[in-house]
Every structure is written in structure tokens, then in C-alpha cells.
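Each of the next two complexes has chain A plus one other chain: chain B in the first, chain C in the second.
Up next is the complex of A and B:
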């Protein structure tokens, strides 16, 4: 009974990771990934590893989505300028 | 397992399942609202877990999440502004429900802690959480248009 919270959070991690894989569009995938970062941080907390959870929170909730979104934006902008510039 | 951890389990199971369902399906506006809901569910759960494990230092996690969660939502609101302009998400009922749950959890944990420096930290976390939630919801709903154009 005492491990119920660990089981619940582990199931949430599995479901979130599956959802992240099943999402096709990168910008929507970044939304699921930020959710997964928070769920992983809660898992580390429940497993009594708050130091790991702190770094996971910092990286997972804001930094990874920011990197993905900036990359998607740059790729789209480059594709647009290539289309306008002909063969450029 | 004490009552605090039980409450955290129920909050995590119900809230994060709803957030996962919202973030993995539906239009973009719904996904943004669900992503914003994640912070509002996980942060009170971390407070409840800190109280349940009798480890006041775990409150740092909730404090960091209350700071960084709205930042993440604002990143999405800024970088997806073009797609969000078509259909602005509006879920004020959900926002005020989340704020009410956060306030209830903070008050309960404060009452269990008693007046001390730890209680001041809890109150700061609660103010950051509710304030950040309201700011992020307002940004999603289409506030700060002049900022968004830049």
C-alpha cells in the first residue's frame, strides 16, 4: 500500500512517454515532452532522489521545450526562405 | 502511507491523467491549456509529498517548479503565437479551480507546519504558483498582444 504512489507515477511515466512517441508534429511533441519532464521529476521525488529531481525539473520543464521550439522555428524559417529564393 | 501521501497520490493520478489526455489530443489551444495545468497539479502534489515524507527540504522542488512552469508555458505561448492567434484558448473556470486547489493545499500544509521560517517559504511558493498560473493563463488567452508582435 505504501508503494501506491510509486506505481501511479510509474504508470504516468509510461503513458506520457508513449504519448510523446505517438505524437507526430514536433511542436506538439514538445508540449508532451514538457509534461513528461515534470512527471519524471515527480518520479525521482517519490524515489527519494530530490537532487536528481531538481536538475530534471530545470532541464525538462523549460529548457528542452525551448530548444525544440527554437529549432523547429529555425528549420521552418529556412524552408520558407528557400522556397522564396528558388533554388537557393 | 499517511493522509498527505494519499492526497498527493489522488491529486497526481487524477490531475496528471487529465493533463496527459488533454496534451495528447485535440486542437492546439486545448494542448496549451493542458500543458499549463501540469504545473498547477504537480506543484501542490510536491508540497503534499514534502509534508508526507517529513522532509521540509523537498519544498525546494515545488518552489523551482512554481518558478519554471509558467516560464515554460510563456515560451510556448510566444513561439506558437501564430497558430494560437487563430483559436485563442480560454479556460478561466479551470484556471480558478487550479488556483483554488493550490491555495487549499498551501493553507493545509502551512497549518501543519506552524509559524516558522518554513511557513514563509511555503507562502512564497503558493504566491508564486498562483500568480504564475494566472499570468500564464492570461498570456495564453491573448493578453500582452503588443509583446507578442515583437
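Up next is the complex of A and C:
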């Protein structure tokens, strides 16, 4: 029974990781990464490592996607202002 | 070096690494199983020193030096970020315009914020008793604060987050960890040795000797480090603009 759960969660991790790689737009990728973080946290919980799961949940599914989103926003805004500067 | 030669070197290296990895994995004990020598030794030592959460015991007692290293890495990374993401000479600050927040988003964010903050502080405070600890709780508490940015706007977040204070707290948390370690030296044992304080009653908040103190220091350090890190990123993403025509 426990082994079946582990196999299912491992497959989920593989599926979400593939989805994260296959997504090309960085801001969408951050969301998929966040989802993958949650699935990884479930995997660690199933493998009886709740401490690691908590770290993964906090860093992998909240902090990292947030930092990626902020970086993407900065890069896009910069591109927009340079475009305007070029026109004017 | 030509492309073909580089690929050949890469292939040799990759094949060697793959072979070594397979060799190493052949000797591993099988998945699951009942034989856990390190786990049993750690649990026995942890019970000897009245620490209910064995993982916290390993982090802050057996391997307190490793945690010191990890904490220094985080501290150095945040200092590096602060230096890299500072306002450069050809940039200026433009106060962001407040924009409307969708009512459901606002309601959800302001409802979840206090809950998430309390959960984060709870996880820090109970690091020596239940899963979690300074690092996990610190990250939760720090990210919880940023729900205010979702629910209200950047101005509101800046008001509850005086960045100078958090920078000082970050350094203080790092120092506190070192001071607890040095206290062991002054008391005549060893750096970061958990022989200083009484071990207390098992499964209470004050049990485990110096484990709760080191855990609290890490909680303080990580919370401030994440707040400072996110503040620098937010500044760059929201406020700092490049000068036009430069």
C-alpha cells in the first residue's frame, strides 16, 4: 500500500517536472515550478521526512517562484523603458 | 580546442561519472528495510539530551557546525544580493502608483496573512519538539508578510517592513549563533557543544539545552534574510527605474 503511494507520487513528480521544463514562458514556468514544489513536498512527507517537506514547501513552492516572477517583471519593465527611450 | 575534441572530453567525463554512479548505487542497501544504524544512533543520542525532534537535534547539536556553515552561506548570499541589487548611479526611484486590487484577492490575502504569520512563528518556536524549525518557520513568516503586497500595495508593505531593522536583525541572529557557540568555549567545553544548559523536561519548550537557543537564532536570521532578499528584488521590480536616454 505504502509502496503504491510512493510510486504514484514519484510519477506525479516526474510529470510536473517535465511540464516545468516544457513550459517556455518564464512567468508560467514559475507557477508550474510552484506546483512541482508542492508535489515534491508531498513526496517527502510520504517518505517520512516532514522537516525536509516543510523546507521544500516554503522555499520551493513560495520563495523561488516569487523571486523568479520579480526578476521576470524587472527584465520586462526594463525592455519596455528602453523601447520608449529609443522612440523618443 | 575544436568542437569535436571538446565533445570527446565531455563524453569521457560523462561516461566515467555514469559508471561511478552506477557502481556506487549497486552497493546501497535496498529501499525501505529495517536496518538504519545512523537513525538509531541519532535517536538514542537525541533522547539522552531530552530533544523530542531528532532532526533538530542533529542540526543544532550533533551537526551544529554544519548549520553554522549553512547559516553563513545564506548570510553571505544575502549580503551579495544587497550589494548587487543596490540603486546604481544611473538609476532613480519612482514611487509606484497604487493600483486596484480585486476584492477576493484582498480578502483572501488579509485573511491568510495573520494565520500564515502565526504558523511561521509557531514552527520556529516548536523547532525542538515537532517537525520544522528556525529555517522552515522563518521562511514561512517572512513570505507571509509579503501577502500584504498582494492584498494592499507596496506602500503598505514598506510601512510594516523597515528594511534597516531587518538588516540589523539578520546580523544579530548570525552573531547570536556564534555567541552561543563561544559560550561553550568560555564554560570550558568546546565550541557549540551542548553541555552548557540543563536538558530540561522531555517534550517541553525549554528542553534540549542549547538547541532551542540556536534554533531561535536561526529563525531570527532566516526571517530577516528572506525579508531583506525579497525587499531588494521588490525594489528592483517595482521602484528602481533606469534613467531615460543614458
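Everything below uses one rule, namely that the second predicted complex is superposed on the first by the 85 of 88 C-alpha atoms of A that agree within 3 Å, B and C clash if a C-alpha of one lies under 4 Å from a C-alpha of the other, contacts with A are read in each partner's own complex, and residues count from 1 in each chain.
Here is the rule we use: a residue touches a chain if its C-beta (ideal position, glycine included) is under 8 Å from a C-beta of that chain, and two chains touch if they have at least 3 such contacts.
Every value quoted in this text rests on a predicted model; they were computed, and no experiment measured them.
Check whether chain B or chain C contacts more residues of chain A in the superposed model.
B
Touching A:67, do we find chain B (first), chain C (second), both, or neither?
second
Tell me the contact category for A:38 with respect to chain B and chain C: first, second, both or neither.
Touch partner of A:38: chain B, not chain C.
On the A-aligned overlay, A:81 touches which partner chain: chain B = first, chain C = second, or both, or neither?
second
In the overlay, answer first, second, both or neither for which of chain B and chain C A:58 touches.
Touch partners of A:58: chain B and chain C.
Indicate the residue numbers of chain A shared between its chain B interface and its chain C interface, in ascending order.
50, 53-54, 58, 62, 66, 70, 73
Taking the complex as given, what residues does chain A use to touch chain B?
Residues of chain A touching chain B: 1-2, 4-5, 8-9, 12, 15-16, 19, 22-23, 27-28, 30-32, 34-35, 38-39, 41-42, 45-46, 48, 50, 53-54, 57-58, 61-62, 65-66, 69-70, 73.
Which of the residues in chain A end up touching chain C in this complex?
Where chain A meets chain C, its residues are 3, 50-51, 53-55, 58-59, 62-63, 66-67, 70-71, 73-74, 77-78, 81-82, 84-85, 88.
Considering only the defined contacts, which chain B positions touch chain A in the complex?
Against chain A, the touching part of chain B is residues 1, 5, 8-9, 12-13, 16-17, 19-20, 23-24, 28, 31-32, 34-35, 38-39, 42, 45-46, 49, 53, 55, 57-58, 60-61, 64-65, 68-69, 71-72, 75-76, 79-80.
Within the complex, which stretch of chain C touches chain A?
By the definition above, chain C touches chain A via 32, 53, 55-56, 123, 131-133, 135-136, 139-140, 143, 146, 226, 229-230, 233-234, 236-238, 241-242, 244-245.
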